[in-house]
Structures are given as structure tokens and as C-alpha cells.
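Both complexes shown next keep chain A, but they swap its partner, so chain B is in the first and chain C is in the second.
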Partner chain A sequence: MEIESSLYLIPLLPLVGFLVNGLLGNQLPKWLVAVIACTGPFIAFLLSVQALQALATHPEGLHQAMFSWISTGTLNVPFGLQVDALTAIMLMNVTGIGTAIHLYSYGYMHADPSFSRFMAYLNLFLAAMLMLVMGDNLLLLFVGWEGVGLCSYLLIGFWYQDFANVDAGRKAFIVNRIGDFAFLIGAFTLYSLTGTLEWHGMEQAVAALDLNAMVVSGPMTGMPIMVALMIAGLCLFGGATGKSAQIPLYVWLPDAMAGPTPVSALIHAATMVTAGIYLLGRMDFLFVLLPAVMGVIALVAACTALLSGLIAIAQNDIKKVLAYSTVSQLGFMFAGMATGFFHTGLFHVVTHAFFKALLFLGAGAVIVAMHHEQDIRKMGGLWKDLKGVSILFIIGSLALAGVPPFAGFYSKDAILAAVYYQAASPGASPEWMVIFGMLVFTAGLTAFYTTRLVVLTFFGKPADEHRHLHEVHWTMMAVLAFLAALSALAGVLGLGTWLDTFTHHVWSPPAVEVNEALEHTAHYVAMGSSTAVVVLGIGAGLFLYLSESRREALDRWTKGSGARVYGMASHKFFVDEFYEAFIVNPIGWLAKLLWGVVDRIVIDSGIVEGSALSVSGFSAALRHTQVGAVSAATTSTLVGVIVVVLWLVLHG
Partner chain B sequence: MISYYLLFAAALFSIGAYGVLARRNVLIILMSLELMLNGVNIVFVALSLVPHGVQMAPGGHVFVLMVMAVAAAEVAVGLAIVIALFRTRQTVDINDLQMMSG
Partner chain C sequence: MADFPFLSLLTAIPAIGGLLLTLVPRSDDKVIKGAALVTSLVAFVVSIVMWTRFQPVGAELVFVEDHVWVDQLNIHYKLGIDGIALAMILLTTLLSPIAILCSWNSVVKQPKGFFLSLLFLEAGMIGVFGASDLFLFYVYWELMLIPMALLIGIWGGPRREYAAIKFVLYTMAGSLLMFLAILYCWLHAGTFDVQALQAFLPQNIPFQVQMWLFGAFGLSFAIKVPMFPFHTWLPDAHVEAPTAGSVILAGVLLKMGTYGFLRFAIPFFPTAAVACTPIILMLAAIGIVYGSLMSMAQTDMKKLIAYSSVAHLGFVMLGIFSGTQEGAQGGVAQMINHGISTGALFLLVGVIYDRTHIRGLADFGGLAKTMPIYATLFMIITLSSIGLPGLNGFVGEFLVLLGTFQTHPIASIFAAMGVVLGAVYMLTMYRHVFFGPENPRWKDLPDVSPRELVTLLPLVALAVLLGVMPGPLLRMTEAPVANVVKSLHAVKVVEVTP
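Right after this comes the complex of A and B.
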């Protein structure tokens, strides 16, 4: 089978699974639902592998034009699928990790009465994500972009009987919509500059633009093209902050942990949140022209990484810690993208998908074993009872913390090296050194809170000596083992170097010439500093939390003299409260005002009821003239005739 | 010269109109209506005497014949209604026939 002509099967198969399970799932036995749900992603994975192999002989990429989607006047949008090196890597990620998570979901969710609905949503989510990475134009990407937003809403609020879950789902959807608005503005700006939405056409059109000229037509007439491109770049990045949980729109992701744990792993670690990174990588031809925008992205990313790292230290819900670490790691990815060495960000996307999926699914196994208890203070000592899960979870933690030789070390190191390279380049703006410092500090924080999480969960004294742990399903263990192998070995086996060479021709070359000596220095500086802070972080974590007496002293400190500092972090720096007070509430008041005054009084009472009332009132008054006397009728007729005749005589 | 005819016609029309408005007997009202119609007929005939260019304008005569025919038909229908009315209500006073008040 020629793979290029069957690319459409990759997103279609999960979609078919969604339709079958969504429409008929209630009537089918659960094992059949699971088989249908897992088969689609698995075949999609096999096809993705074929596509990846085919790229070796077609380095320019595979493309399948399907049909003309929108054709009105000058706007022509084709419906086509493409696979180049960037998409192929994302495909491996989405379908590979996706299939593993589908399998795990059978073990985790098979007792749930809405199991078939859950699997159907997962399939739809996967189909949307595949459309996102395979679409050959910006609008098709947006279809997938909205699709994953919808599915995250459906899956976060999956247990809709609990109002808190529904709220979290709504929050995710609305926050994402804010980002989508920025995305659309960016897309419109780009379209008005280039006149096309297809990747190749856009790349050529942007390359052909004279950056010193002015825009000659459209609503931006007279604006320098450079400024217009910066608006487009910033708006697209604004869209990415929504999907990929960066400041200021990261607040939805930690709340999204309300969904079932496999959802957290699938959406909020491995796939959906990487959509923003993918967008930056796909639009690389735009961003390499805009060093100022790249600086903004790197700064926002570093701030996000640092802020969420600090918050993660003070969280006690096992999934919340992981959620904030996801936000933090996404900051690393954006920083890597912003250096112009796009492969570093992509590398971290891949390794992060391995170990974060492992950590979330491991956390799911712990949660199942603890009968749906998520507070790490109530765990402790799980090592004795859950040896298998513990070992796998610790492998994931080491990878997250960035301990060599686990995968996370290599990718984080590559990003730090790229940032240092930027900072140390002659003529670099000084903010890059600050960014480098923030990221190194965050790497230390990551090691610290990961150690804290592991120690509190698996070591020490059990909070309850008489607990009976629930058995962990074998499909869950198998998936964990598979992901652990990837997390441990991906870096050692040279995934980073391979990714660099494999995707090299996709990226637009960075504006500066590569300085090899500086590259080496950057590499050593990054490796040295990151190893040092990781050792410090882990050491501090072990020192503070492994000993019972020190942990009690720490508890006293957080309740006593350190309550203010600790409270800031444990309350997430009051960002949610800030948004509540300054954005959500004013909008609520405005809505109440509009409802009470404009809707109730002006529209309902005034326009709708008012017009009806005025008609009936007028006719009630008019009715009295209708007395039924023939003489009155004839008199008024005659008066009317006289008036008309007089008017005609005088004015006619 | 022509204004005498017109003044006469106006007087006839006004007397008819007064009769229609002021009298209560339906038969009188029908007779007053005939007066109004004849007032109009006189205007037609009188005005057809006025030279229109070199020729006289005989069109007014045609209208008068037409009005007479229609008036005859109208009286036939009107009297039939009056008879039907009298048979059901035993009255021809229009002040007793105010059933259409709002």
C-alpha cells in the first residue's frame, strides 16, 4: 500500500471508533468497546510508522490533497493532509502514547458505567489532534485546535454529576477560547499579508515580503510590514499560550486534573498541550524573522516555568503537582523554541510525553490502589506494597527531574544549552541571561518538588497502617513498563541527535551564523549547571522530607513563621483570585447589568412588550369612536371627504 | 352664467347631504341620497356646456346616464334591504339599528 495515498486513514480510523462507540457503545459488551477504541489508534500508529519510514525516501514530505474545502472569491482553502519530519515526530507521539493510554484506560475505567462514552471521547480527541498536526493549512490546523479544545471540555467534565468537574471543564473551554481569539486575529493578519493559508504558500509569501516596505492594501494599509508580522506572531503565540498553558492563560490546566487520570495523561501531558509548541514549530519561517517576538516568548516561557515550579512545591494533591510540573516543562519547551533551535523544543516535547504520561499513569495506578485518594500526605510508605508501580514511577520522576542518563536530562540540557548560546552570542540582548538563570533555577526546583513527591508518596511511614490496597490491572502495568523503558532509554540511545538530523531540513535556518566554539561552551555550561542544580534539588528534597523529625519541623515552619511565604505558593500566588476579582467578577457584573437593564427593561419590557402594549392601548382608545350609529359614520365620512377635497384644492 | 348652475347643484347636494346626516328614517335618507346624486348630475350637464377647445365636451352626458342607471340599481337594492329590515326589526329608524358599536 502506498502510504501517501492513505494518509487520510490516520485521522479517520479514530474518528470511526468515536462514531461506532459513541452511537452503539451502550449496546456493545465492554471488551468489544475497548477493542474498537484501541484498534483505530493502533492502526493509525502503524500507518504513522510507515509514513515516518517513507520520509527517508521523500525528504520533502508526503502530501495528500483530498478536495477543495472552501472556495469563495479569492479565498481558496484546500482540504489536504501532509506529513513532513515535524508532523511525523508529532504523529509518533500522538498515536504511540495515545494508543498506550487507550490501553491503560481499559484497566482504569472499565468499571465505570459510562465506559463507552469515555472511550468514544478519547478517540475523538485523538482524531482532532491528528487533524491538527496533519492539516496542510492554518485553517485545518484550527479545526483540530478547536476539536481538542472541545474534547478536553468533554473529558474534564466527564464525571458531570460533580459540579466542580463541570466547572473545571468550562474553565478550560473558556480560557482556551480566549487564546483562540488571539489565534484567529493572528491567522487573519497573516492571510491578509500573504493571501494564502497553506504552509508552503505562506512560507514562500512571507519569504518574498519586503520587510522594510509598508502594507499597501487591506485594513492595515500604511503599517510597516514588520509591525504587521509582529502582530501576527504575537497573536499566534497568544493562541499558543491558551492551548499550551503559558502565562497568562495557564490557569485552566491545573484545574483540568478534575478529569479521569488517563485524560490528564493524554490531554494534559502528551498531546493537547503540545499543540502550541507544534504551532510555533510549524510557523518557524515567521518567527525566525521576529527576534523581538522570540524574546517575548522566551521571557513569558521562563516566567511560566519559574512560577509554576514554585507553586508545585507547595501542592499536596499528587495530580496537581504533576499538573504544575507540566506547565513548568511547557515553559522549557517554549524557551527552546524561542531560541530558534526548534529541535530542542521538539525533543523536550517527545521526552516529556514519555515521562509525563508515565508519571500521570503511575499516579493513576497509585490513586486506584489508594481507593481514589489523591492527597500525598495521606499516602506514604507505598514502596512496600506497590513495588512495581513505585519503581516505574521513580524512573519517570528521575526523568522529570533531569537526572542523567534519563531522557529528561538530555532534552532539558539541549534547551538550556540553546538558551545559553543565545545569551552568550555577541550582541545578544541581556534578557537572555536572565532567562537562562530562571530556567536553571527552575530545573533545580523541578528536582526538588519531584523528590518531595516521591518521598512523601512512596517512603516514610504509612499514614494508615491498616489500609487495603486495590489491585492494579495488568494492562495498566504493561503500559507503565513500556513508557518507563522509553523514559529511561530515549536519551541514551541518541534520540536528540537523531531528531536534530531528521528534522534539520524542516526548520528555517536561524538568522545568526552557528559558532561551533560557543556551541561547545554552551553545552558544557548547560550540562554543568543543570547537573549541579539537580543534585542540589534532590539533595534538599531528601534532606527535608526523608527524615521524620525534619519534616515535622518543616510542617511547624509552614504553619508558623513561614506561613506567609508558604501560603503564597500553596495558594498558587493568588492568580486565580486575581483573575476572579479583576476579570471574572467585572464581566459577571457587566453581564448582570446587561441582563437586568438592557435585556429585562429595554428589550423585554420596552421593545417586545412595549410594542404589543402600545398597539392594544391605542386600539382600546380608538374603539370608543366606533359607536355603530349610521349618522356618525356618514358624518365622519363627509368630514373626511371635505378635508381631502380642501387639501387637494389648496395644495394640488 | 355657469356659476348659477353650479350654485344650484351645490345647494341641491348640500340639502341631500343634510338629509342623509340629519334624518332618521331610512326611506328619507335614500331620497336624500337621490338629491345628492342629482346635484352631481347637474354639475356634469352644466359643465358639458363649457366649450372645450373648439368643440363642446359631451362626455358629461354619458356620465349622467350612467349615474342614473347605477342610482336606479342602488335604489332597488336599498329598498329591498329596507323591506328586509322592516320585516325583522319592525322599524326603519336608524337610531334603533346601532348594533355595531365597538
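Right after this comes the complex of A and C.
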């Protein structure tokens, strides 16, 4: 079978699973639902492997044109799928980790009365994500982009009888829509510059632009082309801040923890949040031209990483800690992309998918064992009873903390080296050195809060001596072990180097030639500083949390003299409250005000009924009579018509 | 087959069916309903056959029938359609049987008069879209008003009389102005023939007069759309109208305003249209955001959907006046898509209103558990309404915004905010009605019946189909829309005074 003509099967198979389980799932036995739900993603995974192998002989990429989707005037948006090295890596991630998560979900969710609905949503999520990475144009990407947004809305609000879950889902959708607003503006801007939305066409058209010239036609006529491109780049990045949870739109992601745990893993690790990184990688031909925009992206990314790292320290819900850590790690990925060494960001996407999926699913196992308790202060000492889960969770934590030789160490290191390289390049903006400092500090924070999480959950005295832990289903353990193996070994086995060579030809080359000597220095500086902060972070974490007395002292401090500082972090720096007070509420008030005053009083009572009254006393009729008013209106209309006709005939 | 009088047949079928209904004894409910349904289904089948025979060259009118009606005044009974009119007629013949079927059990009072009104309404609507003589158009336009006013005024809710009168007065005020403008055109061109007028008027009417005439036509159509700030009749009409009335009103009647701009106001007075473009775009963009904000402030499901129509029709106006093929095509696609999704939304509200006789957002809760099939259909239509890519609403909205951005980027950006707000009010409505703990009051509500499913499934299927494959619809309207866009670009100020 020629894989190029079968690409459509990759997103279609999970979609079929969605339709079958969505329509008939209630009538089918649970094992069959699970088989249907897992088969689609698994075959999609096998096909993705084939596609990846086929790239060896088709370095230009695979492409399957299907039909014309939206075509009118000069616009032609085809419905076509493509796989190049970048998409192939995303495919491995999405289908590979995705299949594992489906399998785990059987263990985690099979007792839920709405199990088939859950599996159907997961399938739809996967189908949408596959459209996102395989679409051959910006608009098909947007189909997947909004599709995953819809699925996260449905999955976060899965247990819909509790308004808290539903509202978290709605928040996710709406915040993402704000990002999509920016995305659309960016797409329109690019379209008016290039006249197409297809990747290849856009790349060629952008390459053909004279960057020193002015725009000569379209809505931005007279604007320097460089400025127009910057608007497009910033708007597309704005879209990415929604989907990939960066400042200012990251606020939906921690709330998304309301969903069942496999959702967290799917949203965070394998799929949705990496969409923004993918977008940057896909549009690399645009971003390499825009160093100023790249600087903005890097700065936003570093601030996001630092802010969410600080918040993560003060969270007590196991899933919230992991959620903020995800936001923080996404910041690292964006910073990596912004250096122009795109493979570093992609590398971290891949390793993060391994270890964060492991951590979320491990947290799920802990939560199941603890009978749906999520507060780490109420855990403690789980090591004794849950040896298997503990070991696997700790492997994930070591990878997240960036301890060598676990996978996270390699990818984080690559990003830090790339950022340092930028900072130390001759003529670099000093901003880059600040970014480097922030990221190194955040790497230390990461090690610290990860240590805190592990110590509080698995070590120390159990919060309740008499607890009876729930058994963890074997499918869940199998998936955890698989992910742990990847998290532990991916870096050592040279995934990073392989990724670099495999994707090398898809990236637009950097504007300046790479200085190899500086590259080596950057590598050593990054490794040295990150190892140092990681050791410090873990050391501080162990020192503070391992000993009972020091932990109590810390508790007293957070409630006493440190309450203000600690409160800022534990209340997430009041960002949600700020948005509520200055954006959400005012819009609600505006709506009510406009309705109550403008619509009902000014327009309706004032202008409409007022003018009716002044013309012929209709207003009274409006209030009191029935048919009379209609005939009055008709009569006066006819009288008016006749008068005017006469006038026209006489004077026309 | 191009000579076969499809259009006369299509207007005659519901009219004759309606007349035959008068012969059925008042007490014979079943026969009345059955006959009405069969009539509308026959009209639907005929319209489908007509579609298969529809092979125009470019934007020419097909299925033209031309007979002299009043010789002295040069009034003709002239019919003929292009792709836009065909799309609108198909929407009409699809929604009419659905409207009849959804009223099956809910109309107790004088069912004969009710179904008679629906059939006459259908005849009038097809006539409006099929007419190619301005006087004939005006006759249908006014005729259609009567059954609609009756549907609201007799079979409506508690404030039905107020709503019906407001509806009539508003429309009358607009039609009066339009009628004067029509007479003026006739006096100068000596004909009511739409094609002849399209050729004559742009060349021979001075700019100043064009402005007045465009204003008269435009105001009449703007009220019908309705454009901000002429929209306040709409929420009242929708809230009071019976379900079938709301479905037809939202599905077809509102589009007569935008259709009027495409068919008459712009081609007749292109120079004035161009001169008025900034203000129309501004009102359209304001309407999108304003309508969305209004929807956010509502607590009644029907009112919320009614205000959302103000926003959605704002997109149509924006696209039509963008002066680009993409935008105008998006506007026309949005006309059809709004007919499908908002028609379906009113049907869906009707389903729950038939069972409970209330429709406040806060009165429900947890219906997703009680009525899962209903909840699923409602979700799909909600997503279609907020323009989720892959469903129909997105195609129109995207084309409108993309097209408008090419010529008026600020209006486009402002309007795009409506995309965010749309998600807010629709998902908020869904949250209140379907999510949360089950309300014990409604825990025995039955899920959708087979009859209700039959009314809803075609619309849901179309929402998916037109989202994935909008090609056939876009091709159908491509040439006539191109003509309208061209007339907006080929303007020149006429200096002559007649």
C-alpha cells in the first residue's frame, strides 16, 4: 500500500471511532467500546510510522490532495493533507502517546456510566489534532485548531452535572476563541500579502517579498512590508498564546484540571498545548524574517515560564502543580522556537510529552488509589503502599526537573544553550541575556517544586494511617511503564541529535551562519548553569520538605510573616481576579446597560414609539387596541401613497 | 425543460393547496395537517427537480416566464431566477414542510387558519424570490406580510397583538418608502422589468436622486434584515410568534432584506450604494457586536436567539458591502447558513417549549442527562451557530471577514470580535439549560420524538454537509454575486438630469 494515497486514513480512523462510539456506544459492551476507541488511534500510529519511514525516500514530503474546500473569487482553499519531517514528529507524538492514553483511559474510566461518551470525545480530539498537524494550509490547521478547542471544552466539562467543571470548559473555549480572533487577523494579513493560505504557496510568496519595500495593494497599502509581516507574526503568536497557554491567555489551562485525568494528559502532553509550538514551526519561514517578533515571543515565553513556575510552588492540588508546570515548560518550548533553532523547541515538545503524560497519568493512578483525593497535604508516605507507581512517578519527576541523564535534561539543555547562543552572539540585544537568566532561574524552580511534590506525596508520614488504597488497573500500570521507559531513555539514546538531523532540511535557515565555537561555549554554559540550579533546587526541596520540623516551620511562616509573599503565589498573583474585574464584569455590565437603556428605552420607547406617536398617535394604539391600529396604519399608508402618486404624476 | 413554468408551479402549489384546505371541514384536524404537509412536500420535490434542471450560463435568469399583466402600466407577470434566488427558494421549500411538521401537536386554536397561513406564506415567499418584475415583487412582498402578521397575532404568545402590530407597522413604514421609490423608477424608466431597470437606472438617474431612491429601498430592506438600529421589532416578533412562525421568520423572511439589497438596491443604484458603503459597514459591524451584547443580556432563550440574528445578519450585510467576491459570497452563504442554524435553533426551543411552556434560561438545568439526543442536536446546532470550522456557519463568517479585511480591515477586525462574543452567549445558554444538576421538575421529560427528529435531522445534516462541502452552494451563487460586486466597482457618477 502506498502510504501517500492513504494519508487520509490517519485522521479518518479516529473520527470513525468517534462516530461509532458516539452513536452506538451506549448499546455496546464496554470492552467493545474500548477496542473500537483504541483501534483507530493504533492503526493511525502504524500508518504514521510508515509515513515517517517513507520520508527517507521522499525528503520533500508526502502530499495528498483531496478536494477543493472553499473556493470563490481568487480564494482557493484546498482540502489536502501533507506529511513532512515536522508533521511526522508531531504524528508520532500524537498517535503514539494518544494510543497509550486511550489504553490508560479504559482502566481509569471503565466504571464511569458515560464511558463510551468519554472514549468518543477522546477519538474526536485525536482526529482534530491530526487534522491540525496534517492540513496543507492555514485554514485546515484552523479546523483542527478549533476542533481540539471544542474537544477540550467537552472533556473538561465531562462531568457536566457540576457547574464548576462546565464553567472551566467554557472558560477554556472562550479564552481560546480570543486567541483565535488574533489568529484570524494574522491569517487575513498574511493572505492579503501572499494571496494564498497554503503552506508552500505562502512560503514562496513570503520569500519573494522585498522586505525593504512598501505594500502596494490591499488593505495595508503604503505600509512597509516588514511592518505588515510583523503584524501577521504577532497576531499568529497571539493565537498561539491561547492554544499553548502563554501570557496573557494561559488562565484557562490550570482550570482545565476539572476534567478527568487522561484528559489532562492528552491536552497537556501530547496534543492541544503543543499546537502553538507547531504553528511557529510550520510558519518558520515567516518568523526567521522577524527578529523583533522573535524577541517578543522569547520574552513572553520567559515571563510565562517564570510566573507559572512561581505559582506552581504554592499549589497543593497534585494536578494543579503539574498544570502550572506545563505552562512553565511551554514557555521553555516557545523560547526555544524563538531562538530560530526550531528543533530545540520541538525536542522539548517530544520529551515533555513523554514525561508530562507519565506524570499526569501517574497522578491519576495516585488519585484513584486515594479515592479521588487530590490534595498532596493529605497524601504522604504513599511510597510504602504504591511502590510501582512511586518509582514511575519519580522517573517522570527527574525528567521534569532536568536531572541527567533523563530526557528532560537533554531537551531543556538544548533550549538553554540556544538562548545563550543568541544572547552571546555579537550585536545581540541585551534582552536575550535577561531571558537566559530567567529561564535558568526557572529551571531551578522546576527542580524545587518537583521535589516538593514528590516528597509531600510519596514520603514522610501518611496523613491518614488507616487509609485503604484502591487498586490500580493493570492497563494503567502498563502505560505508565512504557512512558517511564521513554522518559528515562529518550535523551541517552540520542533522540535530540536524531531529531536535529531528521528535521534539519525543513527549517528555514537562520539569517546568520552558525558560529560553531560559540555553539560549543553555549552548550557548556547551559549545561553548567542548569546542572547547578537543578542541584540547588532539589537540595532546597529536600532540605525544606523532608524534615517534619522544618516543614512545620515553613507552614508557620506561610501563615505568619510570609503570608503576603506566599499568598501572592498561592493565589496565582490574582490574575484571574484582575481579568474578572477589568474585562469580564465590565463587558457583562455593558451588555446589561445597553440592553436596558439603549435598546429598550432609547431606541424602542424613544425613537420607535416616539416617532410613531408623533406621526399619527400610533403609540396609544400600540398599547391599547388590536386590529384598529393595523387598519389605521394601512389606511394612512394608502392615503400617503395616493397623495404622493398624484404629486408625482402632476409634477413628474 | 428550461421553458417549463417551474416558478409559477412552485408558487401555485402552496396557494392551491391552501385554497383546497378551505374545503376541508374545520373539525377534521388530521386531514388539514396531512394535506398541508403533503402540499409543502410536493413543492419541495418540485423545487428539487427544478434545481436539477438549473443550468444557467453565467448570471442569466432562467425559467423565465413573461406575460403582460396590466398593459396600460406596462406591468408584467414576469418570473425568473438566478443562483441566489434558487438557493433562497430551496431554503424556503425545505423550511416550509419542517414548519408545518413542527406545529403538528402544538396548534390547538383554529388549525385550519394556521396551516392555511403557512401555505400562503410559502407561496408569497417563493413569489418574492422568483419575481422579476418590480411591481409583481412588491405585490408578493406585501402579500407575504399578512399571513406572517396573522401567525404572530393570532397564534402567538401573551403579547402577540403588540408584537404583530409592531411587525406590521415597521414593515409598512419601510414598504411605503420603497413603493414611492418604485413608482419613481417606473415613471422614469417606463418599465417594472428588473433586468431593464438594472440596465437603465444606473446610467440615467443623477447621483442626488439615486441617494434618495437607494435610501428608500435601503431603509425598507434594512428594517427587514433587520439592521441596527431598526431591529427592535424582531425580538418581540420572535418571542411572541409560534415556533413555526419563528422558524420561517428567521429562516427566510429576514433574508428578504439582504436579498433586496443584492437584487435591487445595489444593481439599481450602484453609485449611491458605494457612497453609503461606509455607513452601512459601520452599522453592520456595530450590529454584530451590539446584537451579541444584547444576546448576552437575555434570560429568555427565544430572545437570545432573536438578538443573535441581528449579529448574524450583520455579517451578511458586511460581506455584501465589502465590495469583494469573497465577502459577498460569504454573505450569501451566511444567508443560507443562518436559515439552517437559526431555523433549527427555534425548532429546538420549540421542542422544549411544547413540553414545559417556559423557556427561561434559569428554568432548566441538567437536561443533557434527561434528554441526551436533544442535547446532542442542540450542541451541534450551537456549534454551527458560533461558526465552528467544519460546520456551515464558519464558511460564511470566514469568507465575510476575509473579504471585508481586504477592503475595510477595521470593520473586519471589529466584526471579528463578534466571533468571540458569539461563543460566550451561546455556550452560556447551553450551560444553563443542559448542564448542572438535574432539575427534579423536568426529570421525566421525554427525549425528542420521531416526528421532532424528522424536523431536525435534515437541518443538522445540512449544517455538517455545507461545512465540509460548501462547493455546490458557492458555485451556484458565484456568477450572480460577481455581477453585484462588479456593479459596486463599475460606478460612475451620472451628471445628466432627466
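Brief remarks follow.
Please note the rule applied: the second predicted complex is superposed on the first by the 597 of 652 C-alpha atoms of A that agree within 3 Å, B and C clash if a C-alpha of one lies under 4 Å from a C-alpha of the other, contacts with A are read in each partner's own complex, and residues count from 1 in each chain.
Note that a contact is a pair of C-beta atoms (placed from the backbone, for glycine too) under 8 Å apart; a residue touches a chain by one contact, two chains touch by 3 or more.
These numbers come from a predicted model, not from an experiment.
In the superposed model, A:588 lies in contact with chain C only, and not with chain B. When the two complexes are overlaid on their common chain A, residue A:177 makes contact with chain C while staying clear of chain B. By the touch criterion defined above, A:560 lies against neither chain B nor chain C after alignment on the C-alpha atoms of chain A. In the superposed model, A:430 makes contact with neither chain B nor chain C. Of the two partner chains, neither chain B nor chain C is touched by A:222.
When the two complexes are overlaid, the chain among chain B and chain C that reaches more residues of chain A is C. Common to the chain B and chain C contact sets on chain A are residues 623, 626, 629-630, 634. Taken in their complex, chain A has these residues touching chain C: 67-75, 139, 142-143, 145-147, 150, 153, 157, 160-163, 166-167, 170, 173-174, 177-178, 180-181, 184-185, 187-189, 191-192, 218-220, 587-588, 590-592, 594-596, 599, 603-604, 607-608, 612, 618, 621-623, 626, 629-630, 633-634, 637, 640-641, 644-645, 648-649, 652.
Residue ranges on chain C touching chain A, taken from their complex, read 149, 153, 161-162, 164-166, 168-170, 172, 175-176, 179-180, 183-184, 187, 229, 232, 290, 293-294, 296-298, 324-326, 329, 366, 368-369, 383, 388-390, 395, 398-399, 401-403, 405-409, 412-413, 416-417, 419-420, 423-424, 427-428, 431, 434-438, 468-471, 474, 478, 482.
Listing the residues of chain A that touch chain B in their complex gives 623-631, 634-635, 638.
Taken in their complex, chain B has these residues touching chain A: 17, 20-22, 24, 94-95, 97-102.
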